[in-house]
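Some structures are shown below for you to check.
In the two complexes that follow, chain A is the common piece, with chain B as its partner first and chain C second.
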Partner chain A sequence: MSLLLNKISFKPTEEYHLNDISLRFDSGKMYTILGRTLSGKTTLLKTIAGLQTPDSGSINFDDTDFLSIPVWKRNVAMVYQQFINYPHLNVRDNIAFPLKQRKMDENLIESEVQEAMEKVGLIGFESRKIQELSGGQQQRVALARSLAKKAKILLLDEPLVNLDYKLREGLREEFKKLFNVSDESNSILIYASTDPLEAMQLNGDIIVIDEGKILQSGTAKDVFENPATAKVAEITNDPAMNINKCLIQDNSLIMNDSVQIQIPDQLKSIPNGKYLVGIRATDIYLDDQGFAFDLEISEISGSETFLHLRNNNLKCVATIEEVKTYNTNEVVKINFDKSKIYLFEESGELRHSPYQ
Partner chain B sequence: MPKLYTFLKYFFVVLWACFVIAPFLWAISTSFKDFNSVTGGATYIPWLQFEPTLDGWSVLFKPGSQGGINIIGPYFNSIFVTLTASLISIVLGTLAAYALSRYTFKAGIVKNNDITFFFISQRIMPPVVLSIPFFIFLSSLGLLDSLAGLILVYIVLLMPIAVWIMVDFFNRVPREIDETALIDGCNPFQAFFKVVLPNSVPGMLVAGLFCIIFGWIDFFFAFILTFTKVQLLPVKIVALNSSITPWWSLSAAALVSVAPLIIVAFIVERYLSKGNLSGALK
Partner chain C sequence: MNFKHKYVFLLPGLIVLIGILIFPIIFTVRLSLSGWNSFNPGLDFIGLKNYIRLFTDDPRFWQSFFRLSFLAITTVFLQYIIGFALAHMVWKDIKFKRFFRVLFLIPMMTTPVIMTVIWRTFFHESLGPLNDFLSIFGVQPPWLSSPGLAKVSIIVVEVWQWTSFMFLLMLAGLLSLPKEPFLAAAVDGASPFKKFIYVTFPLMAPISIGAIIIRLIEASKIMDTVFVLTSGGPGTSTETSSFFIFIKGLREFQMGYAATASFTYLIIMIISLTIIVKVLTKVLMRE
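So, the complex of A and B:
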């Protein structure tokens, strides 16, 4: 069974929310839609669920025309970024709601609900009111409700984004386990996220979307190593990959008047001309003999420090693998790991990847 | 500083409570007085300062032949008309408000907000403007001086209030709740009745409270559209007025007519704080 999206477009205003999207989702697999806020992720999920009708295009699932089936008969499940539950029902009734709606046998409902609550770790909370639960627990209820349905298509719209760090980490691990279990039930899992790290960790197929258009799709490894365009490279890295204009001339790679490096071996065959150079924040390191940059901001993130650097018109973010405090406007000397440099055409397409 | 704040807070609450309660105490004591006790200067404490009597109260329940006004009939008329009109207004208003909140309507230049405004605009007009149209309207329907006619008119007056309050309420209920219900297998009607409606009780109670208050206190239309067969409480009470203003029975009538509102307010207030949508959305 597979879900086929064919040339889906949706343009409610001047801008496209979905622009000519064609995708194939196979059952038993997991997909991550990676894109920034307002890139069209939610619209895409809502279109699959049936909450939104596209202007053009077709959706087929299991050889039936999905667009002709109303939402309430599509048998999909969706978990929202906000914790959406039914506030007038307790935890058990919330999870049982879709099953009761389907007029399932009472005993069967009871066992399905029990099973779903076990999966998400809500045993003991059966008769609690939704308002009495913490955010993480509320999201577990929403998740349990979608699991109990055993829907053929499970849509998760940034389900972890409103949770605090610790809960997010915990639930993500559970998600991975759940997904592996769900694989047996042959459902399609589509997970929307803005977080590249999360997408990589979930390790499904990644679909990169921006301004309603699909930029690239492929395995996590493939998208990470060979981003199709500079835009993809920005979206799939956190902090975003540093993309800067550069000039290749006479065996040197010139970023600006003072930042010029000798062309690395793997780029020797590239003809002279204007390009975009892409360097991951993690491929920049401190070096006393390196280039002098002014520090604009430094942020400490867990065990790393992000340095926002500037050299005239050249800006970049570097990740330093230690916690260090810096003064603003301090001069920091850095260098680039030349073997990890990406090169993109001026139009944005990938010209050379170090993993090629 | 916080201490001063607390003090001021309680000070003003107590002050306000005095403002609200004082007229009631005054009315209660006056209702047990007779002509001499009322005109003899300010007195407050029964038995010590004046001799209490039930004359003021008995006038309200005596038939006209014995010099009373017998408010029992009009009292139940008022309750019936107000409750029926409020109930119908809430039902229709809630349905209309849900549609206005969730669906997009467009007819030429008229859009959702214009329709909502159209409802509210009914309340902008001074009632006098509506009196003649209503009179002609009801007389052509043969509904002058009838409970049904009054209920019709009150629905026109009360439904805008219900629509107004409920549109605002539904706009604050996240759409995602409806959408989740649809995804979970409800058709749009089931989504409304099984999910949205049970969570809208607080809003409906507020709307109901306002409808009951505005319906109950109306004098103008009750006065114009009824004559002899059907009378409502506010109109009947006016019949008390004669050459000597009977402050004692007016006080008693005032207490009797305000009692239902106080009861309703206490009941509704208890439920208002209970229901909330905090569990729906972070």
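So, the complex of A and C:
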């Protein structure tokens, strides 16, 4: 069974929310839709669920025309970014809601609800009211509801984004386990996220979307190693990959007047001309013999420090594997890992990847 | 706070409260223990004689009370159903939404007494437009002069006049509902009808209870419609409690006895409304 999206477009205003999207989702697999906010992730999920009707295009699932089926008959489950539950029902009735709609046998409902609650760790909260739960627990209820339904298509729209760091980490681990378990049920799992790290961790197929258009789809490894365009490279890295204009001339790669490097061996075959150079923040390191950059901001994130650097018109972000406080406008000397340099055409397409 | 005169600042409010609420109630109780009538005006003391008369020797009061209960419950029930339906209709995005929202509010903006006069003309047995129309089918029902139909007429007028108010409360309630549960319900497989039964209706329960209680209290005071439309007739077949009290007190000037009826009515209403709220909460909110 597979879900086929064919040339889906949705343009409620002047701008496209979905622009000519064609995708194929196979059952038993997990997909991560990666894109920035307002890139069209939620619209895409809502279109699959049936909460939104596209202007053109078709959706086929299991050889049936999905668009002609109203939302409540589609056998789809969805977990939203906001914790959406039924405020007038307790935890058990919330989870049982979709099952009751199907007029299932009461005993069967009870066992399914128990099973779902066990999976998400809500045992003991059966008769609590939704308002009495914490955010993480509320999202667990929503998740349990979608799991109990055993839908053929499970849509998760940034389910972790509104939770605090620790809960997010914890629930993400559980997600991975849950998905491995639910693989047996042969459902299609579509997870929308803004966080590249999350997408990589979930380790499913990644679909990169921006301004309503699919930029690239493939395995996590493939998207990470060979981003199709400079835009994809920015979206799939956190901090975003540093993309800067450069000139290749006479065996040197010129970023600006003072930042010029000897062309590394693997780039020797590239003809002279204007390109975009891409360097990951993690491929920049401190080097006393390196180039001098002015520090604009430094931010500490966990065990790393992000340095926002500037050399005239050249800007970049570097990730330093230590926690260190810097003074603003301090001069920092850095260098680039030349074996990890990406090159993109001026129009954005990938020209050279270190993993090619 | 060790400020001796702080209670002084309570006085303005307290005086108003005593003047318009507490004094009248106490005076009514005192009045109900007197034999004040047109022959014998003044606050004498006759003990519980009025109460004994009311409870043992006045079926007309109790008939008017049960009639009132019937009218109030029927009209409020109909108002709730129709008002909720209309509100639900213009809740979603439909064409001419604003036009309908205003249209449904017009009855509430009219003056009840004047509208009742118009309804009386409308229902008039030989001159009214309704019977003129019905005569095509060969019937001319005595809308206001048969005991049964007179009650129907009152219900029609009351429902027409006050459904707007119920509509307004229910629409405000619907517009204040969170949108998210409806999204979830659609994806969870609830058809539009089930969505109403399992999501809209339970979410509206607290507002429904409030609206029903407000209307029940209002409907229990029903007086102007009866007064203008049927004057309690034919006979006493449309007489309600407040109309009965009005006749006893201000037509026959049995002030003491009217006070007894009023006070008894007040106590019964407080008790029954409390019970109704409890029952409604239990039924609608499943608590």
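Before moving on, here are some points about what is shown:
In the analysis below, the second predicted complex is superposed on the first by the 356 of 356 C-alpha atoms of A that agree within 3 Å, B and C clash if a C-alpha of one lies under 4 Å from a C-alpha of the other, contacts with A are read in each partner's own complex, and residues count from 1 in each chain.
Keep this in mind: a contact is a pair of C-beta atoms (placed from the backbone, for glycine too) under 8 Å apart; a residue touches a chain by one contact, two chains touch by 3 or more.
The structure displayed is predicted, hence computed values, not measured ones.
With chain A as the common reference, chain B cannot sit beside chain C without a clash. In the overlay built on the shared chain, the residue A:N162 is in contact with chain B alone; chain C does not reach it. By the touch criterion stated above, A:Q266 is placed in contact with neither chain B nor chain C.
Legend: residue contacts after superposition of the two complexes on their common chain; A:S9 is shown touching neither chain B nor chain C.
Shared-chain residue A:T319: touches no atom of chain B or chain C. In the superposition on chain A, A:K129 makes contact with chain B only, while chain C stays out of contact range.
Of the two partner chains placed by the overlay, neither chain B nor chain C lies in contact with A:Q201.
In the superposed model, A:F97 lies in contact with both chain B and chain C. Annotation: chain B segment clashing with chain C after superposition, chosen from 4-12, 40-48 or 202-210, is 202-210. Where the contact sets of chain A with chain B and with chain C meet, they give residues 49-51, 70-74, 76-78, 80, 82, 84-88, 97-98, 101-102, 145, 149. By the touch criterion stated above, chain A contacts chain B in their complex at residues 46, 49-51, 70-74, 76-78, 80, 82-88, 97-98, 101-102, 129-131, 133, 135, 138, 145, 149, 162.
Contact residues of chain B toward chain A in the complex are 174, 176-177, 179-187, 190, 195, 198-199, 276-282. Those residues of chain A that touch chain C in the shared complex are 49-51, 70-78, 80, 82, 84-89, 97-98, 100-102, 142, 145, 149.
Of all the residues in chain C, the ones that touch chain A in their complex are 178, 180-181, 183-192, 194-195, 198-199, 202-203, 205, 285.
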